[in-house]
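Each remark here refers to the structure printed beneath this line.
Chain lettering (A, B and C) follows the sequence in which the chains are written, and residue indices restart at 1 in each chain.
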Amino acid sequence: MSHSVEHPILDPTLAAPFPKAALPVLRDPQLRKNVAHAIDVIQTKRGKLVAEKTDWQELRSAAADIRTHVLENLGAYLEQFEERCTAAGGHVHCASDAAEARQIILDILREENASEVIKIKTMTSGEIQLNPFLQASGVGVFETDLAEIILQLGNEEPSHIVVPALHINRSQVREIFAKSMGRPELSDDPQALTEAARIYLRRKFLDIPSAISGANYLVAETGGVVIVESEGNGRMCLTLPKTLITLAGIEKVVPRFEDLEVMLQVLARSATGERMNPYTSLWSGVTPGDGPQNFHVVLLDNARSSILGKPRERQTLRCIRCAACINACPVYRQTGGHAYGSVYPGPIGAILTPQLMQMRHAQSLPYASSLCGACYEVCPVKINIPEILIDLRAQVIDQQRHNIGRFFDPLYLGLRIAGFLFSRAFLFHAAQRLGRVGAGLFTHKDGWIHSMPSVGGKWTQTRDLRGFPNQTFREWWQNRPARSSTQIAKEPK
Amino acid sequence: MSVTQGSRAKVLDRIRSATASVAADAANLHELHAAIPRSYIRKGELSESAKIALLIERLRDYDADVVECKLEELPDTIAAMLSASGRHTFGAPSGLPAAWMPSGFDWKLDGGLTHEQIEVLDGVVTGASCAVADSGTIVLHHTPSEGRRVLTLLPDWHLCILYADQVVETLPEYFARVQHPPALVTWISGPSATADIEMTRIKGVHGPRHLNVILVHH
Amino acid sequence: MHASLFITCYNDTLFPETGRAVVSLLERLGVELEFHPQQTCCGQMHANTGFRAEAYSQAKRLVRLYSDTENVVIPSSSCVAMMRDQYPGLFEELGSESLRRDLAALLPRIYELSEFLVDKLGVDDVGAYFPHRVTYHASCHGLRGLHLGERPLRLLTRVRGLDFAPLPNIDRCCGFGGTFSVKNAEVSSAMLSVKLQDVLATKAEYCTALDNSCLMHLGGAMHRQYAGMKTIHMAQILASTESTPMESFQ
């Protein structure tokens, strides 16, 4: 595999902080090109369809309102979903954390003596690190999404939540398939590669009787589960096996079947820039003679309830995992997903990951943003991501206030001191004069600073800074001759 | 399972405390939901013929083969399409009208076909519940004339018979028609596709790669 | 028309010529200006880095300082965005009822420079002359925070002698982001590099904007790379006339 990034760690408890994790990616032209190309394609398609949708803003409002309403009444809707799903023949389980969810799923598979399982892509399973757990417990896991197969066979990690292998180009895919499918003659034509995946999976779909899926939506009114997909592997996994286990975050609920008229319209346009994705499936419980007869839903909390309890952060849970924010993000465009050290990258990852960790890890992620607001502009459920990023930064700083390490953090000290200096005009003025003298030491003959120590050095790595002028604006104003009324010109026509 | 019962109470408790200040009483929930403002387009404005034309355009964009016919021409039109496909063995849902199964082909009625039996079919013929013109979506509720889900999934060739009065313009109009939410729904908007390799759109991964539609006018 | 100038901490210290240009421009348009010498900072840097309490202290001080002012003009869209977007939340959480009232009364009287010119003074031709090729960078706070819309270009394209070169990908962030520029210096530089390609491709002599923050980031790289382009705050372009050219504010 010809790229410079060592195997990325998508575990927030182990990943390097974002500024460090981003470095090898920034130096990888191939990867940066792959990422930029992929998001340009989706952005162009999305832009065209959103422009054509004259009620796009109204749809966004309705989607945001529906999701807000659900979150505010989540308990009641979850109970309704559980009741309806159970009445329709499904089994509903509730996992308070990742470990519990993994165990519930394993127990169900063991009851079926399952040694293999086919899977539809679900980021939630990545969040709970399900695959390695099942493999270690003797259950072979076969991903069935093309991107997930590429990642699984190539021992790679996802870098996007909708197009997880966007950082891998066709010749890299060819290499992976040729080796792991024993097809050295395979060309790098995407059509041929896709055909190879189709053949590789066909028998697995027909032969493996247990499947695991995620859920795009849970419909409380009917106990129904909705899967939105493009390839058809979802339909295969939902229809052919005997046992189906659906893993879903508790926040995936929508109240009624009819609410899908909003959610499906905003999801397809946002995620893939289509009016509607090729296949959307809905099933409620068990239908005799049609599809899996042993159906389980595993509802996952894993700190979602703690996010729910924070009025300003609750909107994080509105997320429908469309990745529109990721595609719009100018930071993500340069770094790709692995730098975020989580299965959830980009703007949503920057707010969701630290909160799922209950602010014990991933404290660098809220700072992985220039606060440009492009994400908020495109979010179909109007999550004010910049607002939450700022809130989470405040939580990180509040942690740091009690941490002895703060005395060794020049930026922390600098900002505390600056806060003090801004509190009184005379202090601010003195600081300006001192700053002028200090900066003078670093100012070259051309009037610019080319190099500074410490935090300043992070600026001068790539940018010059113009030297401090010898007079502040205030000093100039205070030294102006008094103005008479004749000096104030007439208003121009 | 006692472990999960324990977590059920714990999780619901956490949720209850988290939303204590904002959750409504169960009695008011329905009202609150009904009060959500919906100012998006609920109904299209195209004429009947423009709507049909739009659906056909969208379907053809997906490389679906679309033919229109009058009701009395339906059996002949089906026969012509099946002939033109060069295929011979077709699956049929248990409730498919007999008039839709012309002779000269090998029909396998789904009275409980196994997956392996469906896997070797050349194609399948079904009805549908609705179609949405705006997105070129065909909606199956898997009724007896639409067939079990596996029947429209494994075969490589699918002929769908749609009546003109089953076509709506917008997605909300489909939902408005549904009196009781069905237990099973499949929304099909073109053959399967992937863009996972360099964002190059490849059609036909899993599921029927050939979609054919006969649009029947009364 | 009276207005009080909030120059901003970084303009006061690093870009006083922008302030001088604002004064020249507004006085030419008949505005009587005042300047409270007690002003320091709006608190944005602290708020955006997570120092909420410190940001609040500065915000409170600012609101008290301007409580009797008719209009406050600010040549920095990020500072105005801070006041509109974040002050209400800060005051809700940390402030008193009376301070919240003062803030609510003050906010409608706060104007970013282009808003003041176009909305309050009702002008888009300010009588400026600037015979150079210029491209305009839309800072994110101005674009998405303040929804400045057409105002900046309405002003810029009425400047006599100015050869306007539109900037491709105008809605893409330059990568400054406040303390992001040092906390994530490498990513910031990557974003800057990509942005600079678009800016330099316009073959303009000057890149202008309504925020010296973005401009010092772009201009700092231009200077480092001997790129042959300079940055200039739009106030300095609008203040330039035949008799008071740009250099008179330097």
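Here, a contact is a pair of C-beta atoms (placed from the backbone, for glycine too) under 8 Å apart; a residue touches a chain by one contact, two chains touch by 3 or more.
From a predicted model like this one, the values you see are computed outputs, not experimental measurements.
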Checklist entry - Could you give the fewest steps needed to travel from chain B to chain C through chains in contact? => result 2
Next on the checklist: Taking each chain's centre as the mean of its CA atoms, which one is most distant from chain B?
Outcome noted: C
Checklist entry - By C-alpha centroids, what is the most central chain here? => result A
Next on the checklist: Nearest whole angstrom, what separates the Cα centre of chain B from the Cα centre of chain C?
Outcome noted: 53
Next on the checklist: Taking the mean of the CA coordinates per chain, how far is chain A from chain C in Å?
Outcome noted: 31
Checklist outcome for this item: Listed in rising order, chain B residues that touch chain A in their complex are 1, 3-4, 7-8, 10-12, 14-19, 21-24, 26, 29, 32-33, 36-41, 58, 112, 115-116, 119, 132, 134-137, 142, 148-150, 153, 171-172, 174-176, 178, 181-200, 202, 205-207
Item to check | chain A-facing residues of chain C, complex | outcome: 7, 9, 11-20, 23, 27-30, 32, 35, 37-41, 43, 45-52, 54, 57-58, 61, 85-86, 89, 121, 123, 125-127, 140, 144-145, 171-173, 175-192, 194, 216-217, 219-221, 223-224
Item to check | List of chain A residues in touch with chain C within their complex | outcome: 18-19, 22-23, 26, 330-331, 333-335, 366-374, 376-377, 387, 390, 393-398, 411, 415-416, 418-419, 421-425, 428, 432, 435, 448, 450, 455-456, 458-459, 461-466, 468-469, 471-478, 483, 487-492
Checklist entry - Which residues, counting only chain A, touch chain B once they are in their complex? => result 34, 37-38, 41-42, 54-55, 58-59, 61-62, 65-66, 69, 71-76, 78-79, 88, 93-96, 100, 103-104, 107, 145-147, 150, 163-166, 169-170, 173, 190-191, 193-194, 197-198, 201, 205-206, 219, 221-222, 224, 230-233, 235-236, 238-240, 250, 255-258, 260-262, 264-265, 268, 272, 274-285, 287, 289-291, 299, 301, 305-306, 308-309, 311
